[in-house]
Amino acid sequence: MEYVIEMLNIRKEFPGIVANDNINLQVEKGEIHALLGENGAGKSTLMNVLFGLYQPEKGEIKVKGEKVKITDPNVANKLGIGMVHQHFMLVDTFTVTENIVLGSEPKKGGTVDIKKAEKEVKELSERYGLNVDPGAKIRDISVGMQQRVEILKTLYRGAEILILDEPTAVLTPQEIKELIGIMHSLVKEGKSIILITHKLKEIMEVCDRCTVIRKGEGIGTVKVADTNPTELASLMVGREVSFSTEKTPANPKETFLSIKDLFVKDVRGVDMVKGLNLEVKAGEIVGIAGIDGNGQSELIEAIAGLRKSESGRIKLHDQVITNLSPRKVTQSGVSHIPQDRHKFGLVLDFPVGENMVLQSYYQQPFSKKGVMNFKNIYKKAQELIDEYDVRTPNAFTKARALSGGNQQKAIIGREVDRSPDLIIAAQPTRGLDVGAIEFIHKKLIEERDKGRAVLLLSFELEEIMNLSDRIAVMFDGRIISEVKPEDTNEQDLGLMMAGNTPQKAGGS
Amino acid sequence: MEFIDILARIIPPAIFFASPLIFTALGGVFSERSGIINIGLEGLMVMGAFVGIVFNLTFHEVFGDATPWVSIFVAMVVSAIFALVHAVASITFRADQVVSGVAINFLALGVGLFLTKQWYDKGQTDMVDRPFYTIDIPVLNKIPILGDLFFSGWYLTSYLAIILAFAAWFIIYKTPFGLRLRSVGEHPMAADTNGINVYAMRYVAVMISGALGGLGGSVYALTIALNFSHATIVGQGFMSLAAVIFGKWHPLGALGAAIFFGLAQSLSIVGSSLPLLEDVPQIFLLIAPYVLTILALAGFIGRAEAPKSLGEAYVKGNR
Amino acid sequence: MFANRTVNILIPIISVLLGLLSGAVIMLVFGYNPLKGYAALWTGAFGDAYFLGETLRQVTPYILSGLAVAFALRTGLLNIGVEGQVFVGWVASVWVGVAFELPMIIHLPLAVLAAALAGAFWGFIPGILKAKLGVHEVIVTIMMNYIALYLSNEIVRNVITDGKDRTDSIAPTASLASEWLAGMTYFSRLHWGLLIALFMALVMWFLLNKTTQGFELRSVGFNQHASNYAGMSVSKNIVLAMVISGAFAGLAGAMEGLGTFGYMSVKSGFTNIGFDGIAVALLGANTALGVVLAAFLFGTLKIGALNMPTVAGVPTELVEIVIALIIIFVASSYMIRWIILRFKKEGK
Amino acid sequence: ACGASDDGGDSAEGSGGDSENNTENSSENGNNEDFSVAMVTDVGGVDDKSFNQSAWEGLQAFGEENGMSKGEGFDYAQSESDADYTTNLNRLVRQDYNLIFGIGYLLQPAIEEVAAQYPDTNFAIVDSGAEGDNVASILFKEHQGSFLAGVAAAKKTQSNKVGFVGGVDGALINKFEAGFEAGVKSVNADITVDVQYAEAFDAPDDGKLIASDMYSKGIDVIYHASGATGNGVFAQAKDLKKNNPDEDVWVIGVDRDQHEEGAIGEDNVTLTSMVKRVDIAVQDVTDQAMNGEFPAGETIEYGLNDDAISLARTNEEALSDDIITAIEDWKEKIINGDVEVPSTREELETYVNSL
């Protein structure tokens, strides 16, 4: 069979690092081809080379058997290569249509023919069942929708080969299901897809073949039908990886966190949390399951003091912490691993070391009488870096230069190390490879076993099921039911998340 | 009718005061929409004023009545080229855009005055013989009330400024060029992956801002100052920058802001002889335009959102 | 990687040299003798103790206005209002200087403090508007400059004096001037303010780099969301940053009011101390030491330039051009860095 | 008064080296051969078309008479900011000039300071009184000239409304204002004088706004004493004239004959100018100093009688005979001492009340 894409012996260097070395990737027409590797293995780099954003130092690229030189994305577009980037390439303030036609706008008398563009977008969207609103502004639509816009962008440019870089990391299970449907319909139309994902289950479900890279080097390509997740994982990491996190049954003690009748509004002033009640006890992990947009983020921000509660009360032990400042909340024993690590978690332009004391810099031994003690700070930072296996050249490196996974490990190290009573972990493993996920899960369970209360927010049902001792299903701003993971399955959970009150769980 | 009289005394002066600011602020809008901060507007105006005056003085016999128009055109071209310094430094060499803009301000004044000394052997040029003059628009100026306010005693360049503001709005919001320009300022990498040449767009935008800044400076020189010296452009560029931000990076917003400045300034001068304001101590009238601006911003204009990647150099392949 | 430190030090040096070289080329093109021009500049700045004293005197306010801009920039704010803050600081210091009769040990610190407070207040307004209402500090500070100019004139004319253009000279007890320093430098106006300026550079360095408050200020400057998340008060820090920046600028005013001039007069325009401060800060890469060095370069060029027309016939504006070019070269360090590295590679 | 400035610039380079030799040889106290003189400008610069330029022209004229050239015998130092005055004065002291002028009232504190430090050098200040045994103060009776300008304005106005545009409100410009208003009122007490200050000498935009407002209120003669701000006044007057050549709009210039600034085609909006011959005064004092008669510690006031203050008559068309006659009449009265021209607002009030 003829390959639509052949990348042969690709080498790409960055100052001081070889991101890709001698990598081969061959994609057949009409297949979904997985690209698998740890965080920082070089997957995005390889795809950026294919898309013309980077020029490789060595190697050649063939499209439909012909040798090509892809000097910039324009060339890639012309060759029928489209890419949906890991971090979306969408202009927030533009409409869906504007984003899609940007760069190849239909014109009428010197102006952008928006009418025509919208019509085309609508047609395209209907043809592949993408269902987007051409006139909506990007910042007003969900992440899942945004991703469809990205896909439409490539289709609008007539892409035959689609690169999807970690498309599912940011999606809810429902959205993932829909995306998979879309991928199938694309392949049916004769298109080929390169899919990057850390979720082995997805690879098993949708891909035909899988190319594995490790630390910048190509390990090889396997037929998905001939392999299993365990094999894939060990190929990628280079060692055995355990999937189901081992943990002993929980041993919940006194109530640490109790929330009563909480109401919280979002930025636009719409009620998002509507009379929520929840308790988390010492020594247990409570997972909040729910479809994105049901008030989870607002709930967590309210607990952390980042958002005002309208009414109700949040108590930690016996202390009411409703509407306390973030500093006060932290001091009363709450840690928070934020959902958006770049926006909230880190000062990217600070060294890793200083990020490690972002909340505790004013306390001894990091400072005394208002004067910082950098020796102690960096000593502490180094300890955390070692303990949490944060891969960074050193503690003085700017946080910006770390990969997402390592940034996340740094945050987790910092938050856990403060020995809080309550850890709020919001999507702690988003976008991370299986090795890193394993590590973080282990850490959270360790903390639980030390008698801490953990509140976990995740859109990954698998993570919720694996990690939680108790699952609280959140729908429309309320906890509509609580179940134990052993008493339910993903199917039932999915139903509950859609707002159906469970028959089985309620009846027991 | 007295109110109309007062308006007639305030509005036309406000407009000639505002026109140079409008041009320059529009230039600022283009540059900043593409993601390049332009604190060098002051310098671009200086360059425009210098070129406009020197050209006018040198070629007024060649071009006759067309001299002022040719002068502002030449000022536009030269200032656009001059703006390349800012473009090269901040786009290609990834210089901090504020730094590079500040350098532009120094450079323009230095070059302008240095050459004035070389060419005229003194610190200032003579007055031009062929400046712009106001005109009455035939027929329209006969319209009651409106005719007096809007169609008599205006410079043609003032109409040009207002027309250009609408043109800029059209270009930025209706044309492919505008869409691309804005995308480059909001999310350059997105633009790049869509096949838009980010560097080229930014170069073009900065040069447009040079041209418009030069236009603003030369119109100022040829309607108000009539010669060039160190005292010709003093702060008008910064006021234009303020108009850009005040107008929320929108061409019509910038137009409104510049006119607001003009009205406030005009009012502060006319005020001393208005029945209501005549007892107000002069100092309050003097600072009124600036205080009003701050109040307007604090009171009801509020938070303005700058283009997202404003001030960030675009490095291909970097995140 | 190859010694980054050396490169970082080389860049400003190379930029200055390139700037001077370009200046020389311009002089040649226009028929001046560059050697003579720069010799005049050199003697104008360092020719004898007097000129050295004057150069240092000029450096003093530049250090402070540079610190003011740099401090704000380090905390993510562009303070174009240093000029206005210099004005109010100047007026305040002179006011205290003429209005009171006090022993020096109280009078001088009081006058200096008044300047700092006045500048701080002038920074507070844009700070609070930014923090509470999100009003862009650039516009507010531009407007505040004009208000400061006109208000200062009004105060000199109608509050401190009775309709005069100039205040009386400040009481000797409030003066920074020093007979000893003047004596050493043949009556230059070098004054003790230089020590204040250098001390303030130290203060800025210490505050930003060594204190928890500085940590907060920098953090807020880089990422407001993360700072808020980490329990810092974003609005408090924005206001504080502007207040401290304004205080530095106010002190620059005090240097003029209590040191160089000893009075305040009605001004028909800006002093440019504040606007030059922007360039000084940027040239000094917004660090305390960098600002001191950049201020020194600036002061040297500005004072030295005065000698160029008389001695070498070169217009002083040439120096403006040279300064602009130096700024551009420093800003384009990416290019210089690239060239240096390339050079090294080939050398090996 | 213009044009002479061309002489200085070109020779600058060649003479640089010589000036050093010159200074090394010259002795402490100048005799006729070695006498040298220099001036420090204020921020306006030596070519400001105003008093700095005029002063420089005075020195040039002096040099020409005595066979000197720039850098050899006479020179100037230009100030870029207020802080440069002292530096420049010192520089010139060090170059052993015998007499150093400070041009402009802004230099007064600097002159006093430096003069005290260097008792062996002579200093003179223009436009301000300065203390010191080695300082001569040169003042002009601008109020007298402004008075005549007021007479001219009063005679010319048809609307009985005239205007005054000042630069920065202060003692010096108040002198112009007071003299002008006194002149106007002396001719016709019913004429109103509208006074506005731009609070800047470098704001042509404000100048134009003020002029625009004044003319639109029916004011037909504006006297400006506002430096480059006045450019805006001329711009506005010329614009009105261009649009309606029959309209009577006039500007009275200041410091030198601003006839050229008022030219518009065949017409000219400059009615007259209050000419202040700083050059005459500078040359006069320099001559005295060279002859060993330096008026140390004295204040010399130049006025109408020495022709150091006068009213330009370039615009013959506009200045009709009766205006000229009126001007001459009043000039006579002032010189005789029949009229004491007020120079402050207080004096003006008394004066007007006494009319």
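As written, the chain order gives the labels A, B, C and D, with residue 1 at the start of each chain.
Note that a residue touches a chain if its C-beta (ideal position, glycine included) is under 8 Å from a C-beta of that chain, and two chains touch if they have at least 3 such contacts.
By chain, UniProt protein names: A = Nucleoside ABC transporter ATP-binding protein; B, C = Nucleoside ABC transporter membrane protein.
Since the structure is predicted, the reported quantities are computational estimates derived from the model, not experimental observations.
Trainee: Between which chains do we find the greatest number of C-beta pairs in contact?
Mentor: If you count contacting C-beta pairs, the leading pair is B-C.
Trainee: Measuring from the mean C-alpha position of subunit A to the mean C-alpha position of subunit D, what distance in angstrom results?
Mentor: Roughly 75 Å separates the two chain centres.
Trainee: Quick one: subunit A and subunit B, Cα centre-to-centre, how many Å?
Mentor: That gives a centre separation of 45 Å.
Trainee: Taking the mean of the CA coordinates per chain, how far is subunit C from subunit D in Å?
Mentor: A distance of 34 Å separates the two centres.
Trainee: Roughly how far is subunit A from subunit C, centre to centre by C-alpha average, rounded to an integer in Å?
Mentor: Going by mean C-alpha positions, subunit A sits 47 Å from subunit C.
Trainee: For subunit C, give me the residues that contact two or more of the other chains.
Mentor: 150, 269, in rising order.
Trainee: Multi-chain contacts in subunit A: which residues touch at least two other chains?
Mentor: none
Trainee: What are the residues of subunit B that contact at least two other chains?
Mentor: Answer for subunit B, listing residues that touch two or more other chains: 117, 231, 234, 286.
Trainee: Let me make sure I understand the interfaces: which chain pairs count as touching?
Mentor: Those chain pairs which touch are A-B, A-C, B-C, B-D, C-D.
Trainee: Which residues of subunit C touch subunit D once you look at their complex with the stated criterion?
Mentor: 31-33, 36, 40, 44, 48, 50-51, 54, 57-58, 150, 153, 157, 163-166, 169, 186-189, 256, 260-263, 265-269, 271-272, 302-303, 305-307, 309-313, 316
Trainee: Would you tell me which residues of subunit D are touching subunit C in their complex?
Mentor: Listed in rising order, the residues are 12-13, 16, 19-20, 71, 75-84, 86-88, 90-91, 94, 105-106, 109, 114, 117, 167-172, 199-202, 227.
Trainee: Along subunit B, where are the residues that touch subunit A in the complex?
Mentor: So the residues of subunit B in touch with subunit A come to 170, 174-176, 179-180, 182-183, 186-187, 189-196, 308, 316-317, 319.
Trainee: In the complex of these two chains, what residues of subunit D are touching subunit B?
Mentor: It comes out as residues 5-6, 8-10, 45-49, 169, 194, 196-197, 199, 201-206, 208-210, 212-213, 216-217, 227-228, 231-232, 234-235, 238-239, 242-243, 260-261, 263.
Trainee: What residues of subunit B sit close enough to touch subunit C in their complex?
Mentor: Checking each residue of subunit B against subunit C gives 39, 85, 89-90, 92-96, 98-100, 102-107, 109-111, 113-114, 117-118, 231, 234-235, 238-239, 241-242, 245-246, 283, 286-287, 289-291, 293-294, 297-298, 301-304, 306.
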